[in-house]
Structure formats: structure tokens, C-alpha cells
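In the two complexes that follow, chain A is the common piece, with chain B as its partner first and chain C second.
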Partner chain A sequence: MGMTDAWLLPVLPAGAFAVLVLFGPYLPRRGDWLAIAAIFASFVLTFPIIADLTSALAEHGEEFVGAANSIPWLEVPGNLELRLGVHVDAITVVMLVVGSFVALMVQVYSLSYMRGDSRYGWYYAAMSLFAASMLALVLADNFLLLYFAWELVGLCSYLLIGHYSHLRSAAEAAKKAFITTRLGDVGLLIAIILLWRDTGTFGIQEVIAAAQAGEIRTEVLTASVVLLLLGAMGKSAQFPFHVWLPDAMEGPTPVSALIHAATMVVAGVYLVARTLPLFELVAGGPELVLAIGLFTAFLSAFLGLVMTDIKRVIAYSTINSLGLMFVALGVGAPAAAMLYLFTHAFFKALLFLGAGSVIHATERQDVNQLGGLWSKMPLTGVTFAVGAFSMAGLPFLAGFWAKDEILVGALENRVAFSFLLLSLPVTAMYMTRLFILTFLGQAREPEVAKHAHDAPLAMSVPLALLALLTLVTGLVVFDQVGRALGFPGGIGELIFLGEPEVFHFDTGVAAASSELVALGIIAGWFAWAVRPELPQRAAQAFRPIHAMLVNKYYLDDFYQAIIDRVVLAGSRVLAWFDRNVVNDTGVDGSALTTGFMGYLLKFQQTGKLPNYALAMVIGVVALALVAFTLKT
Partner chain B sequence: MQTGYVLLATIAVPLLTALALTAVPSRYPNAVRVIAVAVGFVLFGLSLYAFFAYQVADGEQFQFQLRWDWIENVGVLGDHGITLHLGIDGIGAPMVLLTGIVAFAGTLISWKIDYRNKDFFILFMVLVSGVFGVFTSLDLFFWFFFYELAVLPMYLLIGVWGSSSVFPTFARTKEYGALKLTMYLVAGSVLIFIGIFAVFVEAGIGTFDLLALYQVQFDEDFQKIVFPLFLIGCGVLAGLWPFHTWSPDGHVAAPTAVSMLHAGVLMKLGAFGIIRLGMQLLPEGAEFWMPALITLGTVNVVYGAISATAQTDFKYMVGYSSVSHMGYVLMGLATMNPIGVNGAVLQMFSHGVMTALMFAMVGALYDQAHVREMSIFGGLAQRMPRFVAFFAIAGLTSIGLPGLSGFVAEFNVFVGVFRTYPALGALGILGAAITAVYILRMLALAFFGPFNERWKELTEMTRWEQAGGALLIAFILFMGVFPSPFADRIAESVLLIPGVR
Partner chain C sequence: MEAVAQQIPLEHFLVLSAILFSLGVYGVLTRRNAVLILMSVELMLNAASINMVAFAAYAAPERAVVIGIVFAVFIITVAAAEVGLALAIILRVFRNRGTANVDEVDQLKW
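Up next, the complex of A and B:
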């Protein structure tokens, strides 16, 4: 099992999908065991691939650019050759581990969470396809396969967000997610074809090499990079495409965990990380990524403060995190972005699965109906706290180390660095708020809290494992840890071989960020635990700002108005034009004109001989005149 | 083994079936059904055989040839004046397969027709025979003959078995739909007819045989004048804007199986005619007029998609969606480069199967509910999960989701168009995004959300409908996952079209 056999990883869950769709109803337990077995196999198989990669790195050193393997798919001889193939290098491996592990955890968790669901078998089928598409996406060696998997990821999120299809809100949320991300995909597809036009290849590495050799015209490269970024922004929920992500919580909670942690939203980050050399060749390219990331991170942080739905708060924290990853990419620290992605996957999955455990136990997800669950659900409470404070950036949890790397990377850029520092206490504050409102204080609905119970085994094992990983994964920033795990030179060396920057821990930055985080946590504690009336008073005092935040900066309303007043109204005008002008006037009109001409001509048929004779004479004279004129 | 008798059989079997059905007493409707489905299966088998037995890299442009002289050396006709000359190239092969698939699925779906089902199937078989004839004929005379044979039964099929629609502000009777469709297509064929005679006279070799005429080098001015006759004449049938309005109204009025065949196969006859008569016969004329075609094709895509967004009736939405998707075919053809034309032919196949599936599903619902207004349904997924799944697959194919046939075709079209006209290519991709809007809107509105109790009487599709749908889905997936059996055949022949480079 070497790197070139990596195609097996997506094929296993894809096979499980096919079997479940065709034969699911006839399988014991509707085939959930098959889906889990497939993703487990994929997870296990990543290890021989990592081993193969490290030995190849040890052997070839910096000259190793990755191993590829592909098969032909469609060919127009001499004009177009489309292949499907895999490419394995260090970024791929990180994504493989994250994707397969989180998918495995989520599927195990779902054994309990989704029990009794009327479409249990279909749920596992869609989950398998989701995992398969994501693994294919990160393995793709060319843009075509990447787009292929990219769209399938979008489809699976559509299917799973809309899983509770009998709810109008779920159907709407699924539609919104698909259409919003698809708008970005228009850009991605155009970019892929534009790059092909100048290079004649869809291979990602080949395109990058061609761009670096100056074979792509500057304006084409600029356009392509902007359009690629559009695709990444759609999938990774960057402003102004972020609106679909908070609504995506309409799906079952484990689905949210998968979407937010390991599959859907990190695809955009992966795409930018993968094609970062292209961005760096374009003047202003990295700055654009940085600006979008900063804007997204900053705006979303405040929304977390006012949302009352437990999943919605976590959703805005995801947008916040995705913004941070874009910032890291924008400042040219892809290793930091990948590290954040890696650690974020664990604590974000943990947060959502913890939220799922709360929802499972109480059937409530509005924090105003929760509270006082700490003693009833200790395991959920503890693990949720680990996740929440990791997200907040509390020292020595995974999020802290990764965030520190991003801050260090942004150190050069004063503006970015200050904005990042500013957002830190806000993030810490809303995560504290979420934890306090959910688990501490008096139960706002004592009946509900009384019957709450901790998660069953299938749910608590993933929680515990993810919490454990959240405690330790951040330590991979230290090269010693990486070397001890068997990676020569540490994880940073592994991920970005040949790049000058590797992980470096900066005590000064860490101290500053820790203080700000502590400030945020204390402020949150004070506002929601010590003086709970304070937030209401603040909301009263700053009513316009509060209203703006609750209404999500009015962006959703704005988009809705565009759809209703511009898109749908415009389409009705065109349909009216088609029916009344093109058809009734153009088509029916010409038919009616013909009929009318016939009506007029019929009066010539008088049946009287003199009339006909007269017409004949006139005709003969006229023809004779014409003949004479032409002759002379 | 390749023999032209396979192609002859695809034409003769349905004709003879039509003849034989006249002898079946109409008090045995089940006998009629069994015969129709059995013949549908045979046609499917024959077309499958013709497709797979077609040899790529054989050196022959046209395979399965069969030539029966009919009239020669009389008057203006010289050697091989009018011959029944059959044969397929890599473009004809997938079209024959498409016809076999849709015809078989159509017979399955039409199992439930009760009203004069014998007459229905007689006309249906004549129609199918004509379609096979167009895709396989290599003689202009017979090409035109079969073209007319395919168009005319439509009038009766829609007029008798169709359905009328009444909207708050306007109404469309089935007679109106049938009349408009037939008149329009006949008007188109008048242009084709003139074009055919012009070519015959100008060539001056006394034969209607296409292979002989392909060898003639026509004068450039002649080509520029005659090509638009073929382009518009065939374009009408392909739904070319602004000659498209027969299509939504006609499809809406038509009974299910006829909509399937019409949107699925007949519209492809138009595009096929543009290739066979226009591009292959008059390459310089084609080159001259293609900028006009690509503009109109882009209008088709965007205009059709926006119009579809405004529709509230299932069938009108699918009808306008067909106009939009045929635009990709026209765009692909107009690129005159191998990738684009390859994509166009792939799209002809893909759209044929996909739209047949969509019309089949609309019909399955309409036959039970007797309304087609999307907004009065809701939550049907809970009642008819398999129906919704099939419908959703058709919808996702039209969105261009990878793994389904639409993506393969549209991707080739986009790449081809971008090679020559990047701005129009971007508009084409935007059209695909608008498709997502109307398809997903329809799915959310009619099939998801809370179940509307008014429809608790509805049941899942019949077994026959499921079988027909499954057949179509199988080919959507086949082409979406393994496109090379299609692309290899098509690309080889596309590269032989003069002027395509």
C-alpha cells in the first residue's frame, strides 16, 4: 500500500454508498456497519501512505514533489485529454487524516444519535458519499477531478442539510447552501477552463509549474486567481457567501460536525493552500485573500455574541475560524493555516457533537431554554468545555497553539495583526457565554434539565477521543513532538517542505494573546454568570447595534430582496415577453396575418364572369408592359 | 459482425409492428401493450447492439452500411439516384442508442394508457421508425422522407391524447399546441426541402446519396446562401431561439411518452440535421454562419433558463429547460472545434435521456393528481420517495452535477466554447447556475417541506414507470461515470467533419 494506491481511500466509502443505495433495505441494520467499516478502512489505510511518504521524503529530500497515478477518462484525440488521478504529498496527507478520522467519529456517534430515524440507511449512504467525495477532492491531481469531487461534496451537503426534508426550514436551508456555493463554483469552473486554455493541461502541479515559468498571460492568471478564490469563498463560507453556513445547522447535528470540521468548509481553504503559488504570482493576490479572511473573521465574531441557538453560535465560530485560516493563507503562512485546520477539525467536531449530545438529551437547542446541565451531563460538559476553550484560544489547548502560529505569521502586517488581536477577546467571550448559558447557572426549564442524561456509549466515545485530541494535537508545533512521532524534522517540515517558514512559537505573542483571551473569558464570565442582567442592559442601550447583529447585518434580507425583486421579477418579465411578444405577436401574429390575407382575397372570388375577364385583361396588359420594359 | 440489416430492422420493425397492430382487435388492450413493450425491448436491444458493435478506429467513417438502389438513371437522376442507403458514424451510433432507450422507456411508461391505446401505439411506432430512419439514412431523399414521417404523427398524438392547460391569464389548448408544433416543423422542413434540391441541382451528379455529395466541392457563395436554409430549417426542430415557442407549448400539450420522445429524441433530429446536412455538406457556409449560431445558442441557454425560473407549471418548466439545454448543443456545434462539437453530441445524448426521465416523472405525477402546478404540492418525498429520487436525479443531471451525464457533455461544450469565445462561455456557465436555481426551487417547493394532506391519495409510481425510469437513470450514470465509450465514437467522427479543427 503505497502512495500511488491512495485512490482506494475514496473508492471504499464510494463502494459502500453504492451498496447501501441499491441493497440497503435488505441489509441487517440497513448497512450502517458497512459504511463504518469502509470509512474505518480508509482511515487505517492512511497510515501506510504516511509511512510511504515519510520514507520517500527521507530518500529524496526536498526534490520530492509528491507521487501521482492516473487513468484516462475522456479523450478528444489531439485536443483534450481528461484523466482521473491522485496526487499525494504532505498537505494531502493532513487532509486525509482529518477527513477520514472525523468522518469515522461522526458515523460512530450517529449510531446512537440517528437511531430510529426513518431514513437511517439513506443517512449512512449519504455520509459515505460525503466522505468519499472529500477524500477524492484532496487526492485529486488535476482540477477536473477536484471540481468533480467539489460538486459532489456540495451535493452531499445538500442532501444531508435537507435530511429532515419534512421541515420547510431544512428544505430551504439545503437549497440555500447549494445555490450559494454554486455561485462560487461558477467562478471555479471558469478559472479551471481559463487556466487550461493557456497551459493545455488540467493537472494542478503542471498548471502551477507553467505559471511559475511565465507561460500564462498575466491578465488570464489574475482573472483565474480571482475566480478560483470565488469558488473557495463559496465553499469556505467567506463573506459575503457565508450566509448558507449558519442555516446549514438544519441538518442532523452530526452532519453539522462533519460539514464544519472536516469536509465541506475546509475544501475552500484546501484549494487556496493548494494553489497558493498561483496567488503569489499575482500582484495583490495574497492581500485579497488576507482582506477577505480578516473581514470574515472580524464580522462573524460579533454575531456569536447575540445568537441564542447553540448550533448557530458554533456555526458563527466556524466562520470566524475559516476567516483566520484565510488570514494565514493571505500572509503567506500556509503551514499555520493547515495546522489550524487540523486542530480546528477536532475541536469543532467536538463542539458540534457535544451540542448534539445536549440536543439529544433535552430536545432543546435554544440557550434560553437550557442551563444547569453540568451536573446532569458531566462528560458532555467537560468535553464541551475543552472544545469551547480551545476555540477561544485558552493556553495549552489545541486552538491556542494553532492561533499563535497564525498571529506569528501575521506579525509583519500591522493592520492584520491588530485586527486579529482585537477579535481574540470577542471570540473568547462568546464561547464562554455559550458554555455558561448551556451548562451553568439555573436550569431555565427545570423539567427538561431534570430528565437530561449523559450521552450513551456510541456518542461518548467519540466525544472523549476528540477531547483528548484537542488537548494534545496542538503540541505538534514542537519539532521534537513531530520527530518523536516519526516525522523527520517535525510536522512543519513535513507539511511545507522547502518553504523557509516552519512552526515557531513566539513567547511574546503567546503572552499577549493569552492575556486577551483571559480578558474575554473573564468578561464573559462577569456578564453572563455574575451579572446576568448586564447583557440585556447592554442590548437596550445599544439597540440599533444589537438589532443589526441579531439580523445578521441584514445580509440575508438583502439577498432575499435581490432574489424576489430582481431575479424572480426579471424572470417573470422575460416569461411574459416570451409568451406575449415572441409567441402571441410573432408566431400567432404571422399566422393571423396569413389568415387575414386569405380573408381579403376571398372577396375576389365573386363568381361573376366579367370580373374574372377584367382581371385577366389587366393581368395580360401588365405582363406585356413588364416584358416590354425588360426587353428595352 | 456488422450488417446494415440491423439498422434496417430498427426502421422496419416498428413500421411492421404498426401494421400488425392494426390487425389486433381493440378489445384486447393488454395484447397491444405486451406487443408494444416487447417491440420496445427489441428496438432497445438492436440499438444497443449497433452502438457497441460499432468499431472505433476501424478506418470506415460510416459503418453498418446497406445500399438498395431504388430509382436510377431516370430523367435527372443518374447512377444511384435515389437509394435506400443506411449507415452510421460515431455521431449516429449514440443517437440510435438514444432512440432505442427512449422508445423502450416510452412504451413502458405508456402501459397505463387506456384511451384507444392501439391507435396510440400505431402512431407511436410510426414515429419511432421515422426517427431511426433519420439517424441512419445516408440518402437525402430518404432522410427527408423519414424526417417527415417522424414529425407528422405528432399532430394526432398530441391532438388526441394530449392535455390542455388553463392559466389565470391565458389558456393553451392541446389543439393549439399540436397545430403550432406541426405547422412550425413543417415550415422548417420546407426550408430543408429547398436546401436539398438546391444541393442536388448544384452538385449536378444526379444522386441524392450523401456520401457522393460529400465529395463535391460546392461554390463558396452557394454554401453561404444554402447553409442558413438547413440551419434554420433544422434549427426550428432543435428549439433555436426565436423559433422555439412551439417547444414548451407542444411538450406541455403532449402525452407523456410523446413528450419524452419529442424532447428526448426529436429535438436532436434538428441538431443532427445541422451536422449531417449543414456542416458536413457545406463546411464553408457553416464557418461563415457559425458566429450567428453561437450568439443564438447563448441566447437559448440564458433566455431558456431565465424563462424556466418563472414557470409555475412542471411541464412548462421542463419545456423551457429543454430550450435552455438545447442551447448548449447549438453552442457546441457553433464552436466548430472538436471539443465543442464532441460536447454538443454528448449533450444531445445526455439531454435526450435526462429530459425523457423528467417528462416521465412529470407524467407519473400528473396522471394521478391531474394538476401540474408546483406550488400546490409539498412534501411529496414522504409519500412517493422513489418518484422524488428519480425526479431529483433528472434535475441534478440538468444542473450538470459531476457523475451524471450532463456534466460530461456540458464540460466539453464549455471547454470548446472557451477556446474560441470566452465571454460567451462564461455566460453559458452562468446559465448552468440559473438551472440550479429553478431546479432546486422546484424540488424544495413541490417535494420537500411539510406534507400537504390534500395529496394523501397519491401513491408511488407504477412498476412500469419505475422500470422505464430506472432504464434511463442507468444510462445517465453510465455516461456520467464512463464517458469514453461515447466520447471515443463521437470524437473520432467529429474529427472527420470538414471545417472542424
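Up next, the complex of A and C:
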């Protein structure tokens, strides 16, 4: 079992999906054990791959670019050869570990969370399909397979957001997520075609090599990089495509934890990290990524302050984190982005699963109806606190190390750095707010809080494991930890060999960020725990700003207006054209004309024998005349 | 046969045949009784038969003689069958509608 056998990883859950779809209803427990066994096998199989990778790294050192294994798929002699294959290097391995582990945790968690659901078997089938397509996405060695998997994860996201399809809001949210990401996906597809036209290959490594050798025309490269970024922005919920992610919270909470926090939404980050050499070849490419990430991170941070739905707050914090990852990519620190992705997957999945535990126990998800759950649900409370403060960036939790790495990377860029510093206390503040409103203070609905209790084992174990990982994963940045795990130099050097971005801890930056985070937490504590009337007073005082935040910068209304005014108006014109021209004139018109002609002609048939006989005689005579004329 | 060919030219047979045929057509177009129409049709068929036999007699003796006569025999056979069929139809129509006048049998239309 080496790196070249990595294709097994997506194949196992895909097989589980096939079995569940075909025979699910006949299996005991609807086959949930099969889905979990498949993803567990995939997770276990990542370890030999890591071992193989580290030994290859030790052998080849910096020249190692990854192991590939592909089979011919489709061949048009002369101009087109499509291959199907996997490519394994350090980025892939990070994504594999994250994807398979979080998927495993979430599926175990779902055993209890989804119990009694009317579509329990289908839920596990879709989860398996998602795991398979996500693993295929990160393993793909060519853009076509990547695009295929990219669309599959989008499809699974759609299916799982709309899991409670009897709710209109869930169906609408699923549609919104699918269509919004589609907008970006079209860009990705065009970019892939453009790159293929100039290089004649779909292979990711080959395209990068060709671009670096200058074989792609500058304007084509620029266009494809921008379109590629568009695809990444759609998937990773970057401004202005971020609107789908908060709505995607209509899905079951474990789905949010897996798809909309840990794996699918970071596919955009992964894509940009994978093709970063292309971005660096284009003037302004990294700056564009940086600007988008910064804008997204900064805007979403404030929304977390006013949202009252527990899952929506976490969703905005996810957008915030995704923005941070784009910033890291933009400043040329992909290792920092991947590190953040790695740790973010654990603490954000933890937050979502914690929120799921709260929702499971109380059947409420508005923080105004929660509160006072700390003593009732100690395990959930503790693990949620770990996740929340990791997200806030409290020192020595996973989020702290990763976020500091991004800050250090952005140190050169004063504007980006100051904006990042500004967003830190805001992030800390809304995570504190969320924690306080959910777990501390008086229960706002005592009847609900009285019956709340900690989750059963299947839900507690993933929570505890993820909390443990959130406590320790940040440490992989250190050389000593890395060496113990088999990659000397820590994860930074593992991900990008030979790049100058091995982990560098800057005490000054860490002190500054810790102070800001502490400031945010204290401010949050003061505002929502000590003087709970303060936020209301602030909302009253700055009513326009508060209204703007509650309405999400009016972006949803703006999009709705555009859809109403432009899309629907255009559709109405087309509908009129279709109704009147195509349907009434074209289709019905030709039928009516034929019918009317038939009506006129039917009177030719008199039913009288002599008329027919006369017609025959005249016909024969006419034919004879014609024949004679032509002959002479 | 050759004697006939020497005494009467071919044109006479053709003219006779044309006259018979025209009479048949006239009968078919003007008569209203189905039986009479049938008789006119027989006239037309016989005109065609005369043509066949005449051409057979005047054509090159070594190849066409028999073919034309065989055609005439076939026409007579087919005509006999046709008359049998047509008279049966007319009989049914008469039984059903009490008339053999074709003007009154005009149901087969729109």
C-alpha cells in the first residue's frame, strides 16, 4: 500500500454508496455500518500513504514532486488523450487526513443525531458519495477529474442541504447553494478549457510546468487564472458568492460540520493552493486573491456579532476563516493556508457538532431561546468552548498557531496586516458572545433547558476526539513534533518543500494577536455576560449599522432585486416569446394551418362515383397529353 | 392471320378500339345505374383486348404473336373475376339501400 494505490480511498466510499443506494433498504440498520466501515477503511489507509510519502521525502528530498498513477481513459488519436489518475503529495495528504477523519467523526456522530430520520439510509448513502467525491477531488491529477469531483461534491452538498426536503426553506437553501456555486463553477470549466487549448493537456502538474516554461499566452493565462479563482470563490464562499453558506445551515447539523466547514468549502482554498504557481505568474494574481480574502474575512466578522441563529454565527465564522485562508494564499504563504485549513477543519467541525448537540438536546437553535446550558451539558459546553476559543485564536489552541502563521506571512503587507489585526478582536468577540448566550447566564426558556442533557455516546466521542485534536494539532508546526510524526521541520516544511515558508514563530506578532484576542474576549464577556443590556443599547444607538448587519449588508436583498429585475424580467420576455412565437405561432400555428387546409380540401370528396370517374379520365388524358408533348 | 393483315390495315383495328373505349368512358361517366357502369367498364376492357390482339397479329410474327393473345386471354379472365366481384358488391348495396343508383350511394366521404 503505497502512494500509487491512493485511488482506493475514494473507491471504498463510492462502493459503499452504490451498495447503499441499491440494497440499502434490505440491509440491517439501513447500512449505516457499511458507510462508516468504508470511510474508516479510507481513514486507516491514509496512514500507509503518509508513511510512504515521508520515506519518499527522506529519500528524494526537495526534488520530490509527488507520486502519480494514472490509467488512459479516452483517446482521440493525434490531439486528445484523457487520463484518469491520482497524484499524491504533501498537500493531498493533509486534505486526505482531514477529509477522511472528519467524515468518519461526522458519520459516527450522525448515528445518534439522525436516528429516526425518515431518510436515514439515503442520508448515509449521500454522505458516502460525498466522502468519495471529496477524496477524489483532492487526489485528482488532472483538471477534468477534479472538475468531475468538484461538481459531485456540489451535488452532494445540494442533496444534503435539502435533506429535510419537506421544509420549503431547506429546498430553497439547497437551490441557492447549488446555483450560486454553479456561477463560479462555470468559470472553472472555462478556465480548464482555456488552459487545455494552450497546453493540450489536462494534467495539473503539466499545465503548471507549461505555464512556467512560458508556453501559455499571457492573456490566456490571466483569463484562466481569474476564472479559476471564480470557481474557487464560489465553492469557498468568498465575497460576493458567500451568501449561500449561511443559508446552507438548513441542512442537518452534521452535514454542516462536514461539508460546510471542514471539507467542501475548503476545496476552493485547496484549488488555489494547488495552482498557486499559475497565480504567481500573473501580474496582480496573488493581490487579487489577497483582496478578496481580506474583504470576505473583514465583512463576515461583523455579521457574527448580530446573528442569533447558533449555526449561522458559526457559518459566518467559517466565511471569516475561509477569507483568512485566501489571505494566506494571497500573501504567498500557502503552507500557512494549509495549516489553517488543517486546524480549522477540526475546530470548526467541533463547533458544528457541539451546536448539533445543543440543537439535539433542546430543539432550539436561536440563541435568544437558549442559555444556561452549561450545568446541563458539561461535555458539550467544554468542547464547544474549546472550539469557540480556538476559532477566536486564544493562545495555545490550534487556531492560534495557524492564525499567527497567516499573520506572520502577511507581515510584509501593511494594509492586509492591519485589517487582519482589526478583525481579530471582532472574531473573538462574536465567538465569546455565542458561547455566553448559549451556555451561560439564565435559561431564557427554563422549560427547555431543564430537559437538556448531554449527548449519547455516539455523539460525545466525536466531540471529545475533535476537542482533543483542537488542543494538540496546532503543535504540528514545531520541528520536534514534526520529527516525532515523521516529517522533520514541522508541517510547514512538509507541505512546501524547499519553499522559504517553514514555520516561523514571531513573538511580537503572537503577543499583539493574543492581546487583541484577549481584548475581544473580555469585551464580549463584558457586553453579553456582565452588562447584557449593553448590546441592545448599542443596537439602539447605531440603529442603521445594526440594521445593515442584521440584513447582511442587504446583499441578499440586492441579489433578489437583481434576480427580480433582470433575470426574471428577461425570463418574462423569453417566456412571452416562447408562448406567443414558438408555441402559438410556430407549433400551434402550423397545426392550425394544416387543419384548415384539410377542412377546405375535404369537400373535394363528394362520395359520388361519377365525380371520381371523371377525375380519373381527366387525369389520364392530361397525363397522356403531357407525355405526348414531352415526347415530340 | 396473315390474310387478315393483308386485307385490313392495322389502323382500322385501332380506330375500332378507340371508338369502343370512348363509348365505354361515356357510359361510365353518364350512366347512374351501377350495373350499366359495370357493362361500360367491360366495353373499355374489350377495347383494350382488341388492341392487344391486333398488335399481336401485325407485329413481327416470330416473337410477339403469342404474347398479345395471352394478354387478351388474361384480360378476359380478369374481367370475368371483376364482374363477379363487382356484381356481388352491387347486390349487397342493393340489399342494404334498396337502390343501385350510384348517385344515391355517397356515404363514403368526410
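Criterion: the second predicted complex is superposed on the first by the 577 of 632 C-alpha atoms of A that agree within 3 Å, B and C clash if a C-alpha of one lies under 4 Å from a C-alpha of the other, contacts with A are read in each partner's own complex, and residues count from 1 in each chain.
Just so we're on the same page, a contact is a pair of C-beta atoms (placed from the backbone, for glycine too) under 8 Å apart; a residue touches a chain by one contact, two chains touch by 3 or more.
Just so it is clear, the structure is predicted and the values come from calculations on it, not from any experiment.
In the superposition on chain A, A:74 makes contact with chain B only, not with chain C. Contacts of A:574 after superposition: chain B is touched, whereas chain C is not reached. Using the contact criterion defined above for the overlaid structures, shared-chain residue A:615 touches neither chain B nor chain C, since it reaches no partner.
By the touch criterion defined above, A:151 lies against chain B but remains apart from chain C after alignment on the C-alpha atoms of chain A. Look at A:606: by the touch rule set out above, it reaches chain C but stays clear of chain B.
For chain A, the partner that touches more of its residues is B, with chain B and chain C as the two candidates.
Residues of chain B touching chain A in their complex: 170, 180, 183-184, 242, 245-246, 249, 303, 306-307, 309-311, 337-339, 342, 379, 381-382, 396, 401-403, 407-408, 411-412, 414-415, 418-419, 422, 425-426, 429-430, 432-433, 436-437, 440-441, 443-444, 447-451, 483-484, 487-488, 491-492, 494-495. Those residues of chain A that touch chain C in the shared complex are 602-603, 605-610, 613-614, 617.
Those residues of chain C that touch chain A in the shared complex are 25, 28-30, 32, 34, 37, 102-103, 105-110.
Within the complex formed with chain B, the chain A residues making contact are 72-80, 144, 147-149, 151-152, 155, 158, 162, 165-168, 170-172, 174-175, 178-179, 182-183, 185-186, 189-190, 193-194, 196-197, 567-568, 570-572, 574-575, 578-579, 582-583, 586-587, 591.
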